[in-house]
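Take a look at the structures listed below.
Shared between the two complexes below is subunit A, which pairs with subunit B and subunit C, respectively.
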Partner chain A sequence: MADQLATGSRRGLKPALPLLLPAYLWLTVAIFLPLSAMVFFSFMTDLPLAEKEWAFTLGNYTAFFSQGLYLTLLLASLRLGLEVTLWCVVIGYPAAYVLAKVLKGRSREAIFLLIILPFWSNGLVRIFSWAMVLREGGILDTTLNAVLPFKINIDLMYSYPAVIIGLVHSYVPYMVLTCYLTLQAIDDSLIEAGRSLGASRFQVLKRVIIPLSMPGLIAGAALIFVPVVGSFMEPRILGGRTGTFYGTIIEDQFVAVFNWPLGAALSFILLAVVLIILALAAPVLRRAG
Partner chain B sequence: MAGVQVANVSRSFGAHKALDDVSIDFADGGFYALLGPSGSGKTTLLRQIAGFDFPDAGRIAIGGESVERVPVEKRRIGMVFQNYALFPNMSAADNVAFGLSVRGEPKATIAAEVQRALDLVQLGKLGTRRPHQLSGGQRQRVALARAIVTKPRVLLLDEPLGALDKALRVDMQIELKRIQREIGITTIFVTHDQEEALTMSDRIGILRDGRLVQEGPPEEIYDRPQSEFAATFLGDANIFRGDATGAGIRLPDGTAIAAGAGAKLAAGAKASCAVRPERIQISTIAKGHDQVDTNMLKGQVSKRIFAGNNSTYFVDRDGQTLKVIVQNTGAERLAEGQEVVLLWSPESTVLIAA
Partner chain C sequence: MCMPRLTAFLTATAVFVSALAAQAAEEVHVLNWKGYGADEPWAVADFEKATGFKVVNDFFNSEQEMLTKLRTNPGLYDVVMINAAFNDQAMAGKLIQPIDASKLSNYADIAKDKANSPMLNHDGKVYGVPWVWGLTAVAINEKSFDKPPTSIAEMWDPAHKGRVIIRDDAVEAVQFGAIASGQNINDIKDMEAVKAKLTSLMPQIKTFWSSENDWNQMVASNQIDIGTYWSGSADRAKTHFKLPVSLVIPQEGAVAWLDAFSIPAGSKNVAGAEAFINYMIDPKFYVEWVTKVGAPVSANTKAVETLPEDAFNRKVMGNPEVAKRIQFQAPITDEQREKYLALWQELKVNVK
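So, the complex of A and B:
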């Protein structure tokens, strides 16, 4: 059986080649080449531009370990990634459940559209509209003070919660979509079977639905955690001075300080850390699923 | 264990009346089939008894206790689903253990009970397999073990054999019946397969368009159908339509058919007679018959279907095609086109109000 499959796939590769080629060409040009250049840069003292002197060095990597700031920021970014992922699960999973198992027909389509909407709006516009909502005297502040009998000051702008809010808003659709796909594939009769055996709705959720939708949760978490750890736009705009994270430091190297080699080295350290975390988490998550 | 009473239950989905004033008494320990074509309301009725859905009106009692507003998880029922609905993330044994485990039974008790249930369905050694590693028949058995291990008051089966192939189905029918007898549980079984209903159940309820058409032991429904629908849905029947004469009916061409069974109808009312194909004797005209108290019709064989142990003859008579089933006794077979005489007794003829 395994032999058959193996020979089958080998025979299948040749005719598949013309179909695969465009994708691999594109990946080579768009990802592999620039990334290789970045690997190259990360080992240089300076950019090989404008007749500057440059040499190979490991200094960009050792800088990460010699200066505590980078490690502190990396840990802060990992924590940010964890928190945002957690909030996306808390908000996105119930929404996905309702979409997949409770709503039917047109109301499902309508809610689905509302959840997908952030994807279709420009990221920058999204973040600045949050700025309008969260700042003192902004929409949230004004509305709450108009409704509540007592005076409260809501100024979430330039704070850690503001960064969390902005990132969760941007990334929660990923969680809803991946969880929706796995939840929707769970046969309703499994839920009914669980209840007919005396399980409460919560027990069915815990013992049947969550384990069966684990692949969606894991996929969603990976899709959210990885970019959030490297994010810089939301921290910079919504976080202000408190919004210094690993991602913003990398961005600074490329945009402000113009130290591409250091920026590249910091990026690859991030990539390595994220890969290690995912590799460590994989067996645990696979068992849970 | 307990009996189930369904009294005047109605349920509508929008304008569609899925159940219309249905009352059935399911006796304690009985094996009951709910039979009907798709859309007849049989599954809706089962779901009301299970508690997945509540009736708009009427009463449902399990063991004398009203449950029509009790949610499914509190009804102490066992259910086997058409697609088995085994939890794919658990082994066969964990599937069976689920009901005991959510109840918080001690681990040792659970292990012992699960093993007993798996042994009962003859799957004692396959407990560690996942559902996808089991065959259709084995999944069926796991689903059954899972449903009965919690000692439910009533076992509900929703077309449980529908997904199995013919040979396996017959095996499972026998097996299901054996297990049901062994634990003596009240069992309600939804099916659209009349043969399954006949061979397995103590009583059958025939549903059509949300109404109970007829209810009783299989022999009674088969021998004394009270409607043309019951006659033709459960088994085959030749139906004659005409006017009631008091002792039977008169066909439009004047032929009288005597009926010794069924409804008592006043002369002149519209009525039908049902005769089972195997109750009719077929012979060639040449032999000649003149019994007074026997129904007789003449016709011509239009088709013969040989099925090994029996043959079905289609006999054309005055624009109607009658079906006659003859056991293969070694007697001479009739050829297509042959003129024949059909004979059957009034006792085999059931009078039905139109």
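So, the complex of A and C:
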């Protein structure tokens, strides 16, 4: 098997081309071209539509630095990304462990299905369902008051926690799936060896399981962190007056004020910041792994 | 052997293509707010039956989105509903074309002050046909008030903390702040006063609304007491959705707007567009709309005259006392808009 793979790769790129072509063609048309157009827009004073005058400028990028508002929002969004990622680890990792190491057969399939199920529903529907649960007089409020002997008032809607809850719910399956794959690949005999050599359960977790599943954790964290920093739908619907984030401001530029150049510039600044963070984090995480 | 088949194939294709083209020519693509008259199913069915054109509705959530859609889809739309204050901008951007008003039999009945508005007429040409006008005023959840308030200051009352709603729109928010600080909405001298007013309003706010549906749901689930709202929408909430909503025109005044229909440049069905606009300004459509669903005030004087004497849109909106209090929106320059947006974004960020 390994031999065949080796000879396959030695034969070079040519035979692989027909297999690669559709994917690369698609990426070029659907991602590379629009993205390049956006890079171009971000350096323009106005869109070249309806014979409008336009010129090249750096003004869209300097706008980010000249107004404290964008930096404040970017930091708020990065914090949101970190918090959501953290909660996804806290919730998703144990679930993945149970799925990979404790449950077997039918029950594993059933639980797995329950975790993937939210993926099959529309994101907007999920967020609006949360709105029904979280608001004052909503499902959570009514249920708790019906069960508890004392009166409590739960109104999480239109607050920062509501945004966190909505985002964690949307993204936790990524963490479960990536961690499940790496956890499942850990040979049980390694864990048994550790135990038989006198390591406590905690030591096995710390010295064997977590290091070996680190690639899954990192992949999951990156998959979650990046889109959450730029998220706009969840904060807008669940956040109310506190729901202004970097992503919502970018959306405003495109949808509300038709300033595509500024919106594009803000998006690329976000992209740059996220890439820098991932680049800085990579060696640290690799060493930890 | 092969030829007849080929011919048949070609004929079939030609028939198919011309059928498609014919169908496309018969369509009238309308761009408007959702749930704002032009998409009423009974109206669409009635218009289609009378004229044979097929109506295809598309919607926007803000004036800026409407302009974006016009810019990015040239030739797609045949009719667009534009707030008169934005007509200038749409014309300057070559997004709309002049309308031959003589082809609209109902045009003569439109109130002269509206039809001749300098916002809709440029170089002696008509760029917008006035449809309806109304107010951005204050609406209340009747369950929260024994008697309706008279002052805009009610929104700052600590009793309503966390139960106030305003629209997520920089221009509307700033003009609202101007009214609350006793200024002319079209010539705001003291921006600091507007900012101070809005800053102190922020902690009162539950969330921002962007569509009628948002507002109505907040009232239906009894989550708000009071907020800014459009007169036609408040009427619709009460008439059509049977919600406990009523409109208040505060003693400090209210923002008035005029909505008009235009024909986008590059429209493929100008005749259909003219027929649709004429139908929309017809008293018959208006009366059915306002009684069945609820609507703002028609710009067509004959349409208003057919309403009962005590109808809100005739009695209150036609009241000279009210007319003195309201201020019509004038066009806004891009610099002003950007300044308003910067202020609004700053306010929204500072609540964090």
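The definition used in the following text is that the second predicted complex is superposed on the first by the 278 of 289 C-alpha atoms of A that agree within 3 Å, B and C clash if a C-alpha of one lies under 4 Å from a C-alpha of the other, contacts with A are read in each partner's own complex, and residues count from 1 in each chain.
Simple rule for what comes next: a residue touches a chain if its C-beta (ideal position, glycine included) is under 8 Å from a C-beta of that chain, and two chains touch if they have at least 3 such contacts.
What you are looking at is a predicted structure, and each value in this text was computed from that prediction instead of being measured.
> Under the superposition described at the top, does placing subunit B and subunit C together on subunit A give a clash or a fit?
fit
> At the CA centre of subunit A, how far apart in angle are the CA centres of subunit B and subunit C, to the nearest 10 degrees?
Reported to the nearest 10, the angle reads 150 degrees.
> Just to be sure I read the superposition right, which of the two partners does A:212 touch: subunit B = first, subunit C = second, or both, or neither?
A:212: touches subunit B, not subunit C.
> Identify the partner contact of A:158: answer first if only subunit B is touched, second if only subunit C is, both if each is, neither if none is.
In the superposed model, A:158 contacts subunit C only, not subunit B.
> Please indicate which partner A:137 is in contact with in the superposed arrangement: first for subunit B, second for subunit C, both, or neither.
In the superposed model, A:137 contacts subunit C only, not subunit B.
> Looking at A:197 after the superposition, I want to know if it touches subunit B, subunit C, both of them or none. Which is it: first, second, both, neither?
A:197: touches subunit B, not subunit C.
> Looking only at contacts as defined up top, I'd like to know whether subunit B or subunit C touches more of subunit A.
Residues of subunit A touched, subunit B against subunit C: more for C.
> Just to be sure I read the superposition right, which of the two partners does A:76 touch: subunit B = first, subunit C = second, or both, or neither?
In the superposition, A:76 contacts subunit C only.
> Let me test your reading of the model: by the given contact rule, A:244 touches which partner, first (subunit B), second (subunit C), both or neither?
second
> Applying the document's definition of touch, where does A:187 land relative to subunit B and subunit C: first, second, both, or neither?
Only subunit B is touched by A:187; subunit C is not.
> With both complexes overlaid on chain A, what's the closest CA-to-CA approach of subunit B to subunit C, in Å?
Closest C-alpha pair between subunit B and subunit C: 44 Å.
> Residue by residue on subunit A, keep only those touching subunit B in one complex and subunit C in the other, then list them.
Correct list for subunit A: none, the interfaces share no residue.
> Which subunit B residues qualify as touching subunit A in the complex?
Per the stated touch rule, the residues are 50, 52, 71-74, 76-79, 81-83, 85-89, 98-99, 102-103, 146-147, 150, 156.
> For subunit A, which residues count as touching subunit B in their complex?
Subunit A residues touching subunit B: 187, 189-190, 192-200, 203, 207-208, 211-212.
> Mind pulling up the subunit A residues that touch subunit C in the complex?
My answer: residues 47, 49-52, 67, 69, 72-73, 76, 135-138, 158, 240-244, 249, 252, 254-258.
> Once bound in the complex, which stretches of subunit C touch subunit A?
The touching residues are 61-62, 64-65, 67-68, 71-72, 93-95, 169-170, 202, 205-208, 221-223, 337-338, 341-342, 345-346, 348-349, 351-352.
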